[in-house]
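The following blocks contain the structures, represented as structure tokens.
In the two complexes that follow, chain A is the common piece, with chain B as its partner first and chain C second.
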Partner chain A sequence: MSAAYQYYLITLLVYFGVNTIACWALNLQYGVSGVLNFAFILFQATGAYVAGVLTLGPSSGSSYQQYILGAHLPFPLPWIAAAAAGALLAYLIGSFALRPERRDYQAMVMLVVSIIAASLVASQAGWFNGNNGLASVPKPLIASQNLNLVESGWFYVGLTAATMLVVYFFVHRITGSPWGRRLRAMRENPEALESLGVNIKAESMKVYVTGGAMAALSGAVLIQFIGAWAPGSWDTAETFLYFTAVIIGGSGNNLGVMVGAFLVLGLFQEVLRYLPSFSYTGLTEAIQFISLGLLILAFLWWRPGGLLPERKRRFGPGPTRSVDPTPAEGGR
Partner chain B sequence: MNGVASVLQVKDLRIEFDGVHAVDGASFEIPAGTITGLIGPNGAGKSTALKLIAGALRPTGGQIVYMGEDITGRSAHAVARLGVMRTFQLSSEFARLTVMENLLVAAPDQRASTLGGALRGKRYWRGQQGELVDRARLLLEEFQMSHATDEYAGELSGGQKRLVEIMRALMARPQLLLLDEPLAGVNPTLRLIVEEHLLRVRDTGITMVMVEHELGTVERCCDSVIVMAQGKVLNSGSMAEMRESKEVVDAYLVG
Partner chain C sequence: MNEVTLAIGFGLVTSAILALAAVGFTLQFGVSNIFNLAYGNVMTLAAFAGYAINVNAHLNVWVSMLAGACCGALVSVLLNRLVFVPFLRRGTALFTMVMVSLAAAAVILNGIEAVAGAGFRSYERTTVQSHHFLGMVLTTRQLAIIGIAIVSLLALHGLLHYTRVGKAMRATSAHAELARSCGIATDRVTTLAWAVSGALCGTAGVALALNLATFNFVLGNTFLLVIVAAAVFGSVGQPYGAMVGALVIGITSELAAIVAPSLKEVAAFTILVLVLLVRPNGLWRSGYVQKMEVSAR
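Moving on, here comes the complex of A and B:
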């Protein structure tokens, strides 16, 4: 395989990993817990910026790029810091935006916060280099190994896969546990859950913060691969792309949303790339969004559970008399 | 009242929505270990009174004392943790959870119901969950719902959903159970079975307040009744006494 093809494959794989981690985060918030996070992309951006500036080193203040918090932290500290920043931001936004009993309000506030944040970051050149964004962010652990582009690419694929495994372990344990069950109950009927003694505001905050950290981590993985990050990378529309992937893949099912990440954010985009561009610029992009919109409508109409719907947790009929009940647990 | 310890004292309870006094100075006491019927015409403020007690609404006036503790204005989850559980007038099952899961969610002090616990893995919580599953199975059997264990609660009939809700509230080990039309939509045969079950629950020491329109059920289940109309308590006593009371009969006929 030629180096160019290898690098193409490497790029696809890293994007798949990043998108999957992001979809798991969104699935935990929206698919499992019903927290409609329309500011989702903001958390990925936070992770990217934080990991970026903590890798680039102190800002020289030159005209090339300006940013705050610059430092040369060794890997994996920038990623950990990125996740922590995502969690912190989620806590701040969640403290005023989370209203589990008013989901419409909550969704709108988050959308507005996301738009405001994007305009602020674009206009404040001193924060993260404004509209031009950060550039030349190096890949981690590369300098010490003396690898060429393709080798370092495969190394990065391994790093991404390892991160995916860690995040999967996390979400898998959560969704299969009694806490996961409680979160699903919150999605179904927050008021009823509250009447059973559960503080739904606190529970919403926990998933919002956990998901925020995971989304930020996905941003950190992405920026160190592509090396750059600018306001154009996190348009509000991106949030809805992630929602599309989660809904089509199978809201509430971790494997399902991974399939969604592959099909919607991977395959679908790549196929469109090979379509001949015609008419005026931007038309292909518009068609892409229109077809995604139609796809999401089709799924909501005919297959609302997605390709791999949430699994039913079966306990079996159990003993008819209360003797030796060894419950056969469903699934996992 | 009458030397019987009361679990709940409601004093001059009031709530106003945009000038409408839904509950307008209601006072009553609920004796321990009894089932009290809360009856009255539509719009009398019965359901609102239950919501106020459960903390789902905040009163604009008055006081709610539960087991000697003033709980006025506390949040719903805080009141629930003290053992006050409420079922809803409209079905409020967790639709895309199975019947078994609906019950398990309600169990208090569950292992791994936090992030930290969840990350410790199945070994940490499986044993305790097994015990909860057994408890849930017993409840399902008593309510003749074992066959629906693994069905999504949202796919049950209206009557079955009410039963899931009652079982769910019982699973939470309540001290005081507030039932808002618990038997609406339950077929007559099952209704009698559930009534008997509620009496058995009462005999285990759980106190209940029940809003109910079907007076036959009230007669069979309730130790005493409180009659409300227009946000106020009209009268209280045994069902037989209420049938004799002219103002009660008037209020019902007018309402």
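Moving on, here comes the complex of A and C:
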């Protein structure tokens, strides 16, 4: 396989990893808990920016690029800092955006937040280099090795895969835990859960912060691979793409959303790339979004569970029945 | 004449357009209990319909505004009947309905782009005549837009409060099931409400395109942000709240633009956050109404 094809494959694999991590984060919020995070892409962007500035080194103040918080941190630290920044931002936004009682109401506030944040970052050249964004962010652990482009690419694929495994283990444990059960109950019927004494606002905030940290981590993995990040990479259409992947793959099912990430964000986009370009630029993208929109409507209508629907959970006989084999006379 | 009064003048025009749009948006939420994210794109469609009348058929801009209103009403009714109602009948969860409307919005937005392209257009220009008063400078068109907004909103007030069908709309908005059991044909009332709100939406779309001088396919989608902010500010579902929200957000954003144009949207957003911190469900909604809506779900 030629180097160019190998690098193409590497790019696809890293993107797949990043998108899967992001979809798991969104699935935890939307699919499992019913929290509509319409500012989702903002958290990925936060992770990317934080990881970017923490590896680029102090800003030289040159006209080439300007940013805040510049530092040279050794490898895992920028990613951890990115996740922490995502969590912190989620807490700040959640503190007002999660205040309205209705989920769709919260979603509207988050949508406003996301658009404003994008225009603010684009207009403030001093924060993250404004509209031009960050560029030439180095890959981690590359300087210490003597690898060519393809080898370092495969190394990065390994790093992404390892991160994916860690994140999968994490979300798998969460969705299988009693807390995960509580989150699903919150999605299905928040009022009923509240009547059982569960603080809905606190649960929503927890899942918002957790998902925010994971989304930020996905952004950190992405920026260190592609090396650049600008406001153009995170407009609200991207949030729509992630929601599409989660819904088509199977919201609530971690493996399902991985399939969704592969099909919608990987395969679908690549197939479009090989279509002959016709008419003017932008038409292909318009047709792509039209078909994705119709696909969402079709799935929500005919197959609301997605390709791999969430497993129906069955619980065996409760402990009280098995412990007590002789029910009291006339008990039922 | 200084910057502040000038900005208030522009703010009044923005507020008038915003009030038209936000009231329509909030009305749809009131009767159908959903956020119609395609709202901004229906505005754009109306602006294009008006453009066709004005530029291709060479008719007056006010005729094209009427055409825009008709187009908005038609598209809104179709959108509701063909997309939202079937999903709601199936008992789709409210948070999934947001995805339905987001998907519909993506289809309409990109549909417009695919057909009309991304180029900028503008309505036929006339000789601009400015009027000076109280330190504000406004063109005839801008004054007319303010006038149309006031007249339309007064008409809506009359419809909601002095006609039987308006009463039925308010009843459907407050508690749809109860309204149905009182013999109100909520289906027909809802369709009518979507037609009225669609007409407001279309009028706002043409007015926005006129006020901005040039527009392309993202016209309404960009404006949706301030519409949502104004509607959420004044509690979604409350037409009078939306009017107050439109006035506050329209004027403050123009005032903030004196300091720096990029602050325009940030100002709207800051007000929204402050209101949400003090009153989580918006300015208008009292605790009692909120409880009723929760039980109505």
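One rule holds in what follows: the second predicted complex is superposed on the first by the 313 of 332 C-alpha atoms of A that agree within 3 Å, B and C clash if a C-alpha of one lies under 4 Å from a C-alpha of the other, contacts with A are read in each partner's own complex, and residues count from 1 in each chain.
Note that in this section contacts are C-beta pairs under 8 Å (C-beta built on N, C-alpha and C of every residue); 3 or more make two chains touch, one makes a residue touch a chain.
Note that the coordinates shown come from a computational prediction; the quantities given were computed from them, not determined experimentally.
Student: Is A:200 contacted by the first partner chain B, the second partner chain C, both or neither?
Tutor: first
Student: Which of the two partners, first being chain B and second being chain C, lies in contact with A:165: first, second, both, or neither?
Tutor: So A:165 meets neither chain B nor chain C here.
Student: So in the superposed three-chain picture, is A:271 touching just chain B, just chain C, both, or none of them (first/second/both/neither)?
Tutor: neither
Student: Between chain B (first) and chain C (second), which does A:314 come into contact with in this model arrangement: first, second, both, or neither?
Tutor: The first partner, chain B, only.
Student: Which of the two partners, first being chain B and second being chain C, lies in contact with A:92: first, second, both, or neither?
Tutor: Touch partners of A:92: none, neither chain B nor chain C.
Student: Going by the contact rule set out at the top, does A:191 touch chain B (first), chain C (second), both, or neither?
Tutor: both
Student: With the two complexes superposed on chain A, say which partner A:210 touches: chain B (first), chain C (second), both, or neither.
Tutor: first
Student: According to the stated criteria, A:182 is in contact with first (chain B), second (chain C), both, or neither; which is it?
Tutor: First partner only, chain B.
Student: For chain A, which residues belong to both interfaces, chain B and chain C?
Tutor: Comparing the two interfaces on chain A, one with chain B and one with chain C, the shared residues are 191.
Student: In the complex of these two chains, what residues of chain A are touching chain C?
Tutor: 30, 34, 36, 38, 96-97, 99-105, 107-109, 111-113, 115-116, 119-120, 123, 191, 237, 240, 243, 247, 280, 282-283, 285-290, 292-294, 296-297, 300-301, 304
Student: If you look only at chain A, which of its residues touch chain B in the complex?
Tutor: 170, 173-174, 176-182, 184-185, 187-189, 191-200, 206, 210, 310, 312-320, 322, 325-327, 329-330, 332
Student: Hey, which residues of chain C end up touching chain A in the complex?
Tutor: 34-35, 83, 86-87, 92-100, 102-107, 109-111, 113-114, 117-118, 225, 228-229, 232, 236, 262, 265-266, 269, 272-273, 276-277, 280-282, 290, 293-294
Student: Show me the residue ranges of chain B that touch chain A in the complex, using the header's touch definition.
Tutor: 54, 56, 75-77, 80-81, 85-86, 88, 92-98, 100-102, 104-106, 108, 110-115, 117-119, 121-122, 125-126, 129-130, 133-134, 137-138, 141, 146-147, 149-150, 152, 168-169, 172
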